[in-house]
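Both complexes shown next keep chain A, but they swap its partner, so chain B is in the first and chain C is in the second.
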Partner chain A sequence: MGAEAGDELTLLYQWSGSEEERLNEILKPLVDACGIVLKPESTRDQALLDTKVQAGTPPDVAFWNVAQLVQYEDMLKPMDTLGAHGENYADFFKDPGTVNGKWLGLPVKADIKTIIWYSPVVFEVKGYTVPTTWQELETLVDEMVANGDIPWSMGMESGDATGWTGTDFVQDIMLVQQGPDYVLGLISGDIPFNDAGVKQAWETYGKWATDPIYTIGGAQGTLSTGFLDAIYKVFSDPPEAMMVKQSGFAGGEVASQYPELQYGTDYDFFAVPGAQGLQGGADWLMAFNDSPAVQALIAYLSSTEGGAAWAKASFDLSPNVGAAGNYVDPALVKKGEALATTSGFTPDIGDTIPGGFGSAEFKAISDYVNGADLDAILDSLAAVQAEALQ
Partner chain B sequence: MKNRFRDLPVHVVLIGLCLIWLLPTIGLLVTSLRPVQDINESGWWTIFSPPKGHEEYQSLCAPCHGDDGNAISAADLSDPEVVQNYRRSFSLISALERDINGSPHMGDLPVPDEYQAADIAYKLRTLSGIEKRTTFTLNNYIDALTGYRGKSTYREDCEAGTQSLDLYCDFRDLANPRGMGRAFINSLLVAIPSTFLPILFAAFAAYAFSWMEFKGRQWLFALLVGLQVVPLQMTLIPISRLYAQIGLNGTFLGIWLFHTGFGLPYAIYLMRNFLGSLPHEIFESAYLDGASHWTAFYKLAIPLSIPALASLAIFQFLWIWNDLLVALVFLGGQHPVMTYQIGNMVTSLGSGWHLLTAAAFISMALPLLVFFALQRYFVRGMLAGSVKG
Partner chain C sequence: MPNNIPGIMKQKKFTPWMYLLPALIVMATFIAYPAFNTFYLSLRNSSNTDWATAACSAAGNCWGIFENFRYALTSTIMQTAFINNIKWIILMVSGTVALGLLIAVLADRVKYEPVAKAIIFMPMAISFVGAGVIWKFMYNFNAGDVQIGLLNSIVLTLGGNPISWLTEPQINTIALIVVGVWMWTGFCMTILAAALKNVSEEILEAARVDGANEWRVFWEIMVPQILPTITVVVTTMIINVLKIFDIVYVMTGGNYGTEVIANRMYTEMYANYNPGRASAIAVVLIAVIIPAMIFNIRRFREQEETR
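And then the complex of A and B:
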């Protein structure tokens, strides 16, 4: 690749703790082979990235959100000029990373959101079966209520980002009721956010999220329960609720909170029944520099070996086709299969529409759960959407 | 005696206020000493409640299975393999509802409900050793100091030999770049010179402004004091650019210079007020006896201004110790300081805050020490520069 021993590579990412350790594991073969010296920095403060870029000292490589690909379009080096193996990525993973025809972002870490976590043991004891259609899910929910069990744990408190588990849920409902093209239409602006289909999805969500017989604590519980606590409550003993709709990372949280539980018997997940396609998100690698070390990193991560290393490190899913068949964690194996066989993949609406739409959406759903008028909320969201996409 | 009663309401109010201030800190301390699963499951105040499941076990199970669970050898509840099958309330209840030897498992006793069963299951897990949790543990501190980021704890992983590649399982781990141990040293390396340098220069400048006659002295002083209004945040990008050109980004020298620059205006102002208020006569008689400015500075001015120097040092030190912004921008991850490292204890999903509580206390340790050691200078420091009687 031309990278020499001692070449320095500055990285900036939002991962820390055990996530950082997994990344080191993935990059170890590269470091050992080329002798590149990694200079990583970890922060969740986007101001640091902005400060560094404006000061003229951007990191060589940043792992950040899809919105930054647009923000720094003029400064980023296109992936094809850096030796990325584009053939290892499905089009639906390359498209969000392509800005004005230039492929600027390499998706490295993906997670799927359209899944529901539950406890097979509890389901068995209580006589519940995993639903395969949306209709069956609604019947199951009512059956649970009739038995005196609380079906959902929908807590969505998350500091500034309170509401994101709610908007994820709503988007999954749209995938069921309307399908992936509808969601993509919302992202492109072809469908306004106060469309009848959106309203229908919000109302479906609101019915569950605000009523204490459907979710722990009703509206107040939804607003004030932390999203991690909401996961734990389904797997505590005795469980406070039967199901939690949460992204793939929830499994890892259950494993660290309840080490005695086993994946497959004590906790497992099923796809949101009836959903057409999957909702997911990715972290994007973007390069501010085209040094040999950067090229070596990108060539490695986008190669099939890189995808395999990512899968083996159990650091969520890798969009790289090389990851297939290399997952060791059983939950990731199942998630990887779901991702590999999905008919469609839609990114998170709020992450993808630029200009602060995401936080407007979070606030909107919090207001809605809190009892505000839905039509007014959706009208104002449609205005934000129109302004962001004009 | 009478006086004491008169002061009583004041004391009660003061103690009450202190408690309100201290309560969150006590909560944090207790939390930092609890195992991570307990932290996520229940509030810190629950440590005062009796151990979970003990009472239920004693009344429902102990009569047959014995206090230690091993009274019936065919159903030894201290055997992890037996308990493994009944580790949660649901599996336990269904076992209890089944008959053994033709009669109800529980005899005349009622089968426990799911809450009782959950507590009993917890007790069984503890009895059999599946559950290794204790009420208090130092693991959070050890994990934070060594920068351990795995799934269990540093001690367990090291005993099992499954620690990650960057850990040695001996004292060298204190220097792990992801741990609080290393960050503690880095914070000291930042804070000590950044405290010493501005005070040294401020003392020189303050002496000159007080006792040396030169043209434009008042104007220069006014200008320096006026510099206090420059917001630090505004200068981050220009200085970062300048540092990038001369290669100071990510170096200790760079951050020392930055803190010195921003500490000087206030330090000069405070020192000038203090030195200027010393009696003229002392300095004049020194000059008459032939003392140079240098002699007057280090034989008179410095010894007399120890209280001002100390209070200045305390405030400058604490501000730098607690600073995140400047350290993040100019040092970042290359030489992580404590504030930076504390933030990185938590993952992007918000888990791992058991480490954060311990890390917070580790970073609190030194300021507390400084505070108690130099307590008497604090009040003087707060009064320095205010109205003089």
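And then the complex of A and C:
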């Protein structure tokens, strides 16, 4: 590869603790083989990355969000010039990482969002069955209400990012009602955000999110319940609600909050019924340097061996085809299967549109749940969308 | 004068500048340069590659090179922020000064004055973020039957329905201002108490002998005497309140209609990566604060002169 023993590689990422241990486990074969010295720095503070880049001292490699690929477009080294194995990634994983025709980001770690967590035990006791179509889901929700159960736990409080669980949910509804091309149209700006299809999805969401018979605490409960609490409430004893729509990470949260619960019997997930393709998020590897050590890292992580190592380390999902069949954690096996067989993968709308659309969208949905006029909200979001994408 | 003084000890024209130089360098590096750069950035687009004119959308108004200021002055969210900042100024400044003065006057009359003052002053020693977290628990609203928030458990005990203090529009900004008042009353109290100690005992006694009641003594002797200090405290508080950020950021993140100017500046800078807009907001904020500063300095000078 050209990397020599003692070559230093500076890394910046948001992982810490056990996440960092897993990354080190994945990188160990590379470090052992090449003798590269890793110089990692862990922070959740985006400002640190911005400062380093603006000061002209960026890390060799950063693992960050898709929006930074656009933000640092001119400073990043394209993946194909760094020896990345593009053939190991489906096109729908490379496309979000491609900016103006340049493939700048390698998706290393993915999570799927289009899933609903529930308790199989509770479902069995109460006689509920997992729905396979959106129609069945709506029927199930009404059945739960008729039985005096609260179907959803929709809490969205998350500090200054409050609202993201809501916009995730709405995007999944759009995948059901309109399909992935519609979502991609919103991201590209071909479809304005005040389109009728968007309104329909928001109204579908709002019907549940603001009414105490459908969700814990109604509108104020949705606004003030933390997103983690919202997950816990479905698996408490007795459960406060029957279902929570949340990304793959929710399983890990349940496991650490209630260590006695068993995956598969006490908690499990099903795909949002009727959704065409999956919505998901990924952490992207981006390179500010093309040194031999950087090339060695990228060549390794994008190889099938790298994908397999990632899967074995149980560090969420890897979009790399080499990951298939190598997951050991049962929840990851199921998620990995969903990811490997999906017909499409749409990135989060708010994460992908640059220029503050994400935070505007979060604020918009919390305002909507708080009773603001939907048409006015969507009109102003359409203006932000147009401004961001011009 | 003798001519045998070495030349180096004679003050030439530039000598005073030599004394000032270290201070000037520090000022230029850490105040003047950032200020000019902020103003420059406020006229640039979001990635600082072109003038802000480039950010104009085809439709709608355009302020040319001042496009970022169009956002900072006319956008809906900024108008919410301005209105909220005005609410903050009216309620928090009057609240802290009135309570600070009241406590200063009352504490003056009791034996345990130092203890009382220490307790009131204590919140100043807590970081804003810490205070925000503490009060978030105070205001906690749980959608279920159990209320762990102090306020809501009181409401529940009294037979009321729990209120989601931080998300209900109208209530939430007031709830945040209460936290601000809690934090800053001690500051106002300390300064006002020091001023009260300077009111001469003889005048107070003379007034009381002449038959003035305490109410009259307070309004017609104490207040006029410490008025310059009150003005300084008020303007200082106005400046503080205009810059309010931490409480809002920690407790609501500017959501549910609680946005304030400084929080918006942060969001534009670090969530939306738009240094142009953030700088424009910063410039607007400075422009609003400058009159208060000038007033403050002028008052301070007058006070010095009368000494």
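Going forward, the second predicted complex is superposed on the first by the 390 of 390 C-alpha atoms of A that agree within 3 Å, B and C clash if a C-alpha of one lies under 4 Å from a C-alpha of the other, contacts with A are read in each partner's own complex, and residues count from 1 in each chain.
Keep this in mind: contacts are C-beta pairs under 8 Å (C-beta built on N, C-alpha and C of every residue); 3 or more make two chains touch, one makes a residue touch a chain.
Everything numeric in this text was worked out from a predicted model, so none of it was measured.
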First (chain B), second (chain C), both or neither touched by A:Q295: neither
Which of chain B and chain C A:T167 touches, first, second, both or neither: neither
First (chain B), second (chain C), both or neither touched by A:S42: first
Contacts of A:T342 with chain B and chain C, given as first, second, both or neither: neither
Partner chain in contact with A:L228 - chain B first, chain C second, else both or neither: first
Per-residue contact with chain A, leading partner among chain C and chain B: B
First (chain B), second (chain C), both or neither touched by A:S380: second
Which of chain B and chain C A:D237 touches, first, second, both or neither: first
Partner chain in contact with A:G355 - chain B first, chain C second, else both or neither: second
Touching both chain B and chain C, residues of chain A: 159
Residues on chain A engaged by chain B in the complex (per definition of touch): 14-21, 24-25, 28, 39-45, 48, 51-52, 54-57, 121-122, 125, 158-159, 226-229, 232, 236-238, 249, 253, 255-260, 266
Chain A-facing residues of chain C, complex: 46-47, 55, 57-60, 76-77, 141-144, 164, 166-169, 249-250, 252-257, 267-268, 270-274
Chain C contact footprint on chain A (complex, rising order): 46-47, 50, 67, 71, 155, 159-163, 216-218, 220-221, 223-225, 233, 240, 354-356, 358-359, 362-363, 366-367, 370-371, 380, 383, 386-387, 390
Parts of chain B lying in touch with chain A, wherever the complex brings them together: 36-37, 40-41, 87-91, 93-94, 114-115, 117-118, 121-122, 125, 130-131, 149-152, 164-166, 178, 236-237, 240-241, 244, 249, 328-329, 332-334, 343-352, 355
